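Both of the next two complexes hold chain A, though its partner changes from chain B to chain C.
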Partner chain A sequence: MSGVHAMDKLRASVLVRHEVGLHARPSVKLTKLAKAFESKIDLGLSPDGPWVDAKSIVKVMATKAPKDSTIYFRAEGKDAKAALDALVTLVNEDFPDGP
Partner chain B sequence: MDHRTHRAAHRIEGRSAAPGIALGSLVRLIAAKSETQQLHSMAAERLALIDALEASRRDLVALCNKVEHDDADAILSFQIALLEDENLAAPAFASIADGEAANRAWIAAIDPEIANYDHADDPYFRARASDLRDLRDRVLRRLAGELDQAVPAGAIVAAEDMPPSVFLATDWRNGGLVLRRGSPSSHVAILARARGVPMIVGVDVDHLESGVDAVLDGDAGALIVHPNPTLRAEYDRRLAEQSRLREAASLFSGPVLTARGETVQLMINVTGLAELRDIDPSKVDGIGLMRTEFLFQERETLPTEEEQYQIYRQMVEWAAGKPVTIRTLDAGGDKPIVGLTEPGDLNPFLGVRGVRLSLRRPDVFRLQLRALGRASVAGNLKVMIPMVTLPEELARCRALFQNVVEELRREGHGAKLPQLGMMVEVPAAALAIEDFDADFFSIGSNDLIQYVAAASRDEPQLADLARPSRAIFNLIRHVVDHAKLTGREASLCGDLAGEPSQVAALLDQGLRILSVTPGALGAIRAAVARYSGKT
Partner chain C sequence: MNKNVGIVIVSHSADVARGTALMVEQMVGRDVPLGWCGGDPEGGLGTNVEAIMAAIDKAWSEKGVAILVDLGGAETNSEMAIEMLPESRRSRVVVCNAPVVEGAVMAATEAASGATLEAVRRTAEELTPA
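This part shows the complex of A and B:
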C-alpha cells in the first residue's frame, strides 16, 4: 500500500437539483449508499463544515439542505474514492430509484 | 368424523350496527393490556427499548410492503431509516444508563428532534415533525405492550373496538365485524353501512375463539358460532338473496317521489372517491355530505392542497352539475388525526373538534379552503362547516374563505367562493338558528342526538337514550321552518335519514332533502314512495 495515508481526506461537492432539496426519500437513498462503504464519510453544506455523518439519516435530514444548495462530502478510508464517486453520481442523477 | 359436529350451534346476541349476512371463519383480535409503567432495572429498561424499537421497525417494514401509495411509501421508508440509525436513540440509552425509565428516556431523546423540524422554515421539513411524532408514539405503544395486529381479509372479525383507520385498511370482501364497544352510530358503523359490511356491536368478545365457523347476522344483531348444517343452508340462502336485492336496488332511477307525487331529493354520504366508483351519478341527486376527515386519516402526513384539490375536483366532476356538499375537516372527538388533534382531550366530544379545531389551526384550515375554492369553479360545489356553535365562528370562516379566494385569484388560480353552509348538530345552534348567516343548513343528527340526550353514541348501555325523540324532531322542525321562511335549503345528513322507519317522521317535519349512506338508497327510496303526508 502506498500513497494512501490513513489521515488523507478526499473531498467532493455536488449541487442538489432535486425539486424539493435533500428530502426524506433522497436522504434515505444517500445514507443507504454511504453505509455501503467502509470509509468514514461526512457531509456538510459548506466546504468548511460543520460536518455530519453521511451514514446517519438523523444527521443528514437535520441539515435541511434546500433545492439548489451545494453539498460537500469528505471521506476517509480504503474505499473513499469509490464512495465519493458513487455519492456524487447519485445526487447528480437526481436520486434515481436503485436496482 | 368432523370434530365440529360435536359442538352445538351457539347464538350470541348483540345489536345491529350494519345490516347484511356474513359466513366464514371467526378471527378474534386481541388487544394487549398496557403494562403499568413502573421503573424496572436499568438492564430491563434498556432491553425494553431495544425490543420496542425493533418491533416498531418490523411493523413499519410490514406496512411498507402493503402500501401502494408512493408518498406513504416514502414516509415509511424514512421512518424505518430513522429507526435503523443509532443516532436517534443514542441519547435515550444514555439517559437509561443514568437511571431513567425507557419511555421517558425515549420521549426526551426524540422530542428535541421533533422541535427541530417544527421550527424549520421550509414547510416540507416542518411537516416531517409529524412523521417523528408518529414514530415516537409507535415506539411508545410498543413499550406499553400494545400490539399492532393485521386484520385478515374476508373473515368475521371480533374485537374490543376498531379505529376507523384499521377498518379502512381492511379488505372486507364477504367479511363482517363484531365489536364489544362502538354503537350503531359510531363512525366505524357509518363506514360499515356505506361499504355493505355486516356489523354488530355490544358482544362480549372475550369468550370467542379464533378459527371457528360462524355466521354474522347483521340484520338481527346476532353472531352464531358452530352453525349446524340446517342453519348454514338457511343463511346461504339469505346471503344469495342479499346479493340479489343489492343488485336490484342499484337499478332504481328517476326522481324520488312520495305517494302524493311530491319530489324528495335523495343524496349520498361519502368519505372518498373510492365509494363513487360503483355509483351511477344519474341515480342520485348529488352528494349531501362528503366527510373530509377520512382524507386525513389513512395516512402518515396531512394531505397537501394539491391532493385535496384533485379529490374535490373529481367529486364535483363526477356529480356532473349536481350539488356536492363537502364538509370541512371534522377532526377531534372519535376522529383523531396524527399531528393535528390534541391528545388527551378530557372529553373529546365536548372538546376542540370540528370548526373549533380548524379556527385554531388556520395553517391546515387555509389549505383545505384553498383546495375547495379552486375546486368550486369545476361545478356545483357547496361547503359546510361542522360543529358551529356561535354565529361568530361561521362569520370567521366566511371571512377567511373570502380572503383565501382573493389570494388564489391574485396568484392566477381559477377560484370562487362557493355557497357556505353549516352543520346543525350543536343544540345551541339549532335553538338560535335565526342568528346564523349560513347559505344552507344541514342537520347532523348523529351528534345532535347525543348532545341533546346527553348520551354517548358509543355507550351500549345508553343506546335507547341515543335515539330520535320528540326533542330531536322539534329541533329539526325549528331549523326547517326557519330555512323555508328565509328561502334557504335545509337537509338532513345523519344516519337517521338512512333508517326507513324514520323517514315518515322526518318528512313530517318538512324536510325534503335527505342524504344517506349509498347502501340505504334503495330502502329509503321505497320508504319515501310509501309516504302519503302527515297522518
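This part shows the complex of A and C:
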C-alpha cells in the first residue's frame, strides 16, 4: 500500500546569507517560487517549527528570518523534492533576480 | 498578459501611486497587469472617478481587478468607478481593505501565481488586523 502520510514529508534547511535576511524582496521571490509547485510547502525557523505556509507572502514576510539564520522547509506532494531543491538553491544563491 | 488578476493603485498622491506601482514592478515583476492613479490635474492631492476607471481599464484582466486605496475619498471614488463600469465587468472588480503599499505588493505576489480574485483580495486583507 502506498499513501502519503506525515512520515512522507521531505525536509531541507538552508542558511540565509542575504544581508537583510528574509525581508520584503527575498520573501516575494521565495513565495513566488513556492507557488510554482503543487506540493504543500512549509517554512520554519527551527527544525520543529512552528511552520507557516511557504506560499503565503504575508506569513513568509512575517517570519522576519534574520541574516545568518537557518530556515527549514518541509514539503509533501508529488514535486516535493524538486520544490525543496529549487527553494534551497534560491536561498543559497542569495535570491538572484529571475529571468 | 491577462492570465493574472490585475492590480490598481489609487492614492490621493500621484507620487505615492507611481511609487507603489514601481515597488510592485520591481519586487514582483511585470506579469501582473498594473494600473494606478492619484492626485488632481493641477498637481494637488485628490482622486477622481474617471482616472480610476482608466486605471481599471489599463489593468483589466478577465480574471478581475483588485483595487488598493489609501484614504476615504479614494475608496468612495473607487466604489463609484466600479458602479460605472459595464455590467459584465462590475462583479470582477473589488476594493481591498488593506494598506495601499503593502497590500499592493502582497496582492500582486498572489496574483502573479495565477490566483483567483478572491484569493488575491484575501491575501491583501490578511494584513489588516481583524
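Observations on the structure shown:
What we mean here is this: the second predicted complex is superposed on the first by the 92 of 99 C-alpha atoms of A that agree within 3 Å, B and C clash if a C-alpha of one lies under 4 Å from a C-alpha of the other, contacts with A are read in each partner's own complex, and residues count from 1 in each chain.
To be clear about the criterion, a residue touches a chain if its C-beta (ideal position, glycine included) is under 8 Å from a C-beta of that chain, and two chains touch if they have at least 3 such contacts.
Just so we're clear, the structure is a prediction, and the values are computed from it rather than from any experiment.
Touch criterion met: A:56 reaches chain B and chain C at once. The wider contact with chain A, measured as residues touched, comes from B rather than the other of chain B and chain C.
By the touch criterion defined above, A:24 reaches both chain B and chain C. In the superposition on chain A, A:36 contacts chain C only, with no contact to chain B.
In the superposition on chain A, A:15 makes contact with neither chain B nor chain C. For the contact definition in use here, the residues of chain A common to its chain B contact set and its chain C contact set are 24-25, 28, 31-32, 56-59, 61. Within the complex formed with chain A, the residues of chain B that make contact are 74-75, 77-78, 81-82, 84-88, 113, 116, 120, 122, 124-125, 128, 131. Listing the residues of chain C that touch chain A in their complex gives 27-29, 105-106, 109-110, 112-113, 123, 126-127. For chain A in complex with chain C, the residues that touch the partner chain are 24-25, 28, 31-32, 35-36, 55-59, 61, 98. Those residues of chain A that touch chain B in the shared complex are 20-21, 23-25, 27-28, 31-32, 53, 56-59, 61-62, 64, 66.
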